[in-house]
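First comes the structure, then the notes that go with it.
Labels for the chains are A, B, C, D, E and F, by order of writing; each one numbers its residues from 1.
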């Protein structure tokens, strides 16, 4: 089937920052994303699990599929939000069906 | 370690369609997949979150790792199910351990 | 924005093995990973869903973003744990922001 | 009329209704208060089980008779017929496409079990008895409306929509959906175990019931409020009018059926409530599969954002008051 | 015998057993009714806490004596020995590999806490007292069977399996697994706070208990039914026979131990139930780590799909009836 | 003093405190016992709703007066001022950065609603009445401390930290956070529906309350224990001393305010408890957004790992005993 080159950006970020991130994305015109729950993890700030969390906000994973040419705008916007926060951002080449949706 | 080229197909789809999708996959011989929960997202049909959902069916993410040569059959099958529905399909090049499993 | 080549390793494994896997990763110096919940899936050992599970341990998905040069050590460590168990391991090329974190 | 308004007014100040309002206000004020999904499902499982079981026990005590069968048939008939009224009203009052109008109509022929549960709690708060088998009637009314709606779509030619995706499998999903199975199952268990069964689990089934309903309605308020916020601008004045008028039409039809059946005032109020209420769980899931091109924002907002609060705050107390007058 | 059957028959029509059947039927009919995972875990936490606490309070009231120690030792011995009986039966009745047979044997030496809880609820429904420390015996019986099973595997050479993955860490996980810690912890809290503690939380611990058990067994029925559906064809007639005979063998061994200990009829019935029941939470998790090559479909289907329903519907009422006769 | 110790000692052997200890021990022993996230949230929603509702009903009964306003103002003042005391103590006792010290200070000016709930349960266990509006005071004390902390950071220049991320949006999140909305909402509902409302949901709101609190404190123990395990080495002796001294300072300030207001002994004990307790839900979330560079391990471990257990085991019983003596 016909597929189109795209980028898959995965942003793992503290849950209290989720709405700030998605609003920043929307401001740069990225209106498609999916939020996945995260059970736990480990990084420079140590290990955590959702069930050992106080308030249990934890982290979430936000996935955006976008056209390659919009990647830079997205990363700028995302970076401004995550910059001072724990979390990671990765970008993978991918292909999507139904390119008219992106 | 020895790894083998494969495709990673990620299908984000409405939960009521999940069993129809996985059955369609099984019919084309795709017997390996993993279903991840989705908390919320945004797309052409607007924003949603699982907790603001009525009935809270929401969406799920179905991930299939397959041999490259079987990609087309999988995409045809998946497309027939998702065609009229909201959701996205992406295909990424990847490598797998233990290729005999796929 | 400046991004750096990295590998995204995704390990889908039985939940009772999670802590053994993450410890093995930590022993080889991999201190960054994220654990996602899994709702269900299908493979050589058949179909399962978390809600039809007894004890409901189910599976989890562990995602590691690492520098390419550390991939082999990670895969050796992971393989030693998953070898006798059901589950899959995939490795995808990706790029990360803030490379100093990895 | 004054009598109706007085009773209705009193009902507004119960913890249940106020909890719903709290949720609505919190959502509209964009508070991040949320009820975890699993907790909401747990509460709905509890409520369905309790209401079904109570109904079954009551049938075990008062016996099973021809009126039960007649009530079931009347419920099924209402569920089949109300979508036609709804569809006609929508085509007159709004500019909705035939597809969207049919999808909405399916919701109004079917029922909302939470509205029903709230009505039973209002009745028990006022010490009014009702027929235990009304929960079976509720279950029987869930699905028939879907058939009517699909028939309406097929007849209309559906404009932009492709073929209807209705197969044996979807029927199976609808008829054996979780709430129907739980409601009917609990009803049968209650009918079989009767009073001794009730004695064993009474302090689980009866005592905390109204409190759980409070928290559940809090969640419904949150969900309805978030839906309204997201759907601003989706419903025109015609659609809003429909969301208020249709339950009144439904209640009138329910009252006619209930009087014909000779139901007690409590049963009459429940029959009016069922006919007046609109589904927001079973039917939306079925519509997503059968008519994916119909816009869910329209049918969910109407059913949950307009008609559900209307029934809760104004409908139920009025139906109860009217039923006492005309059924008394 | 008639007496046993009559009592057993009565027991079938309790809300608990009927809820289990409802779940089983719903799953076999492929209804999508599900209990959210978090709700199921919440109910099991509640049940473990309540049963442990009640046991502790009862020990605080009736005192702590040598019989408690003797009962604990007897439980541990049963858990160690029953796997050998199970293994031998499996090798005779089925063509299972030594590895699978040993894994199954571990389950039958260990215990099912839900079966135990259901038995206590049947006893309390019939007004029969039992020794409070039986919950401690239940906890003590969870793990020893695993040792026997691993020894059986090691001795058999295990055919296709690689080395057993048993280390200090897995022992730690088994001995401090969530249910043991909760059960023993609640038992100790009950024993320390005694009647005044009970007075404070009685309306949480006692009143809703049977109702929660109903919904929990509904979920068990759903899970067992889905397991049976998925595992069709996995168990031959020999394995099925084992799933029915082994609890009878276990109950007989439990009865012998209970009589030797001089337990009350209630305690005797519980000892029989423990020995007759098969684990489906702690042991399966341990087996996945220690013997990953053993097929989980076999041991889970036998334990949860065959023996659990057998114990619930036929076993427990019979054990209670027999215990009243021989222990009375 | 002996009197205080005796009362405090008795309090240690309640099921609530023992459940907290069980959780703590289980976590420190690395048991995998966990309470599902959704269950923990469900219990906290229940506790907030129940405590708010009860407070509202009590205000409806005893009337609403100037003292309520005075108590609210006193609470807000305490929340504003205590962070300055905390900040000064931290700078003297520890080598913490100004940023971390300010973040910690925000927690100690704010309150812990679970500590408050536990204190009300201790009071009710001893049959001591308190002012129903104290839950409103609790809600009013959540946020002001954050302002003081941010002011402290701004004044200190903050060393390594970039600008404070405090905007209208974060204020909105803090002031309309889930627990405040639920607590105040339930309070208003209780005040509006009064005794008749309570009669309808009493067996949900009152009876199971202490039992739910037990399981909730079990979870708090687990979380605190896991936090302590992960944070070993993060707190020096100075910080530990702060975690014990600061609640005493807070309680003293609360006692002064309570005496000035002329509160009943029960209300006095609650005011001491509020001032002595440290937030671990609302403030940490706000700090993650406003001061992301402050180390969460420090403030969470102090608040939940040191001060919370101190208040539970030693603080609350002492505050209650002292309040009875000085307020009596």
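The working rule: contacts are C-beta pairs under 8 Å (C-beta built on N, C-alpha and C of every residue); 3 or more make two chains touch, one makes a residue touch a chain.
Just so it is clear, the model here is predicted, and its values are computed rather than measured.
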item: Subunit E and subunit B - chains in contact with each; value: C, D
item: Chain whose mean Cα position lies farthest from subunit F; value: B
item: Farthest chain (mean CA position) relative to subunit E; value: A
item: Between C-E and D-E, the pair joined by more C-beta contacts; value: D-E
item: Inter-centroid spacing, subunit F versus subunit C (mean Cα positions, whole Å); value: 39
item: Distance from the mean Cα position of subunit F to that of subunit A, given in whole angstrom; value: 34
item: Multi-partner residues of subunit D (at least 2 other chains); value: 34-39, 41-42, 203, 207-208
item: Of all residues in subunit A, the ones touching two or more other chains; value: 36-37, 49, 92-93
item: Interchain contacts, given as pairs of chains that touch; value: A-B, A-C, A-F, B-C, B-D, C-E, D-E, D-F, E-F
item: Residues on subunit A engaged by subunit B in the complex (per definition of touch); value: 1, 3, 6, 8, 22, 26, 31-37, 60, 65, 92-98, 101
item: Complex contacts: residues of subunit E adjacent to subunit F; value: 36-39, 41-42, 45-46, 49, 53, 172-173, 176-178, 181-182, 185-186, 188-189, 192-193, 197, 200-201, 203-205, 207-208
item: Sites on subunit A touched by subunit F in the complex; value: 14, 16-17, 20, 45-57, 84-86
item: Contacting residues of subunit E [partner subunit C, same complex]; value: 27, 34-37, 40-41, 162, 165, 169, 222-223, 226-227, 230, 280-281, 284-285, 288-289, 292-293, 296-297, 300, 304
item: Touching residues on subunit B, where the partner in the complex is subunit A; value: 10, 12, 36-44, 49, 59, 61, 72, 75-76, 79, 88-93
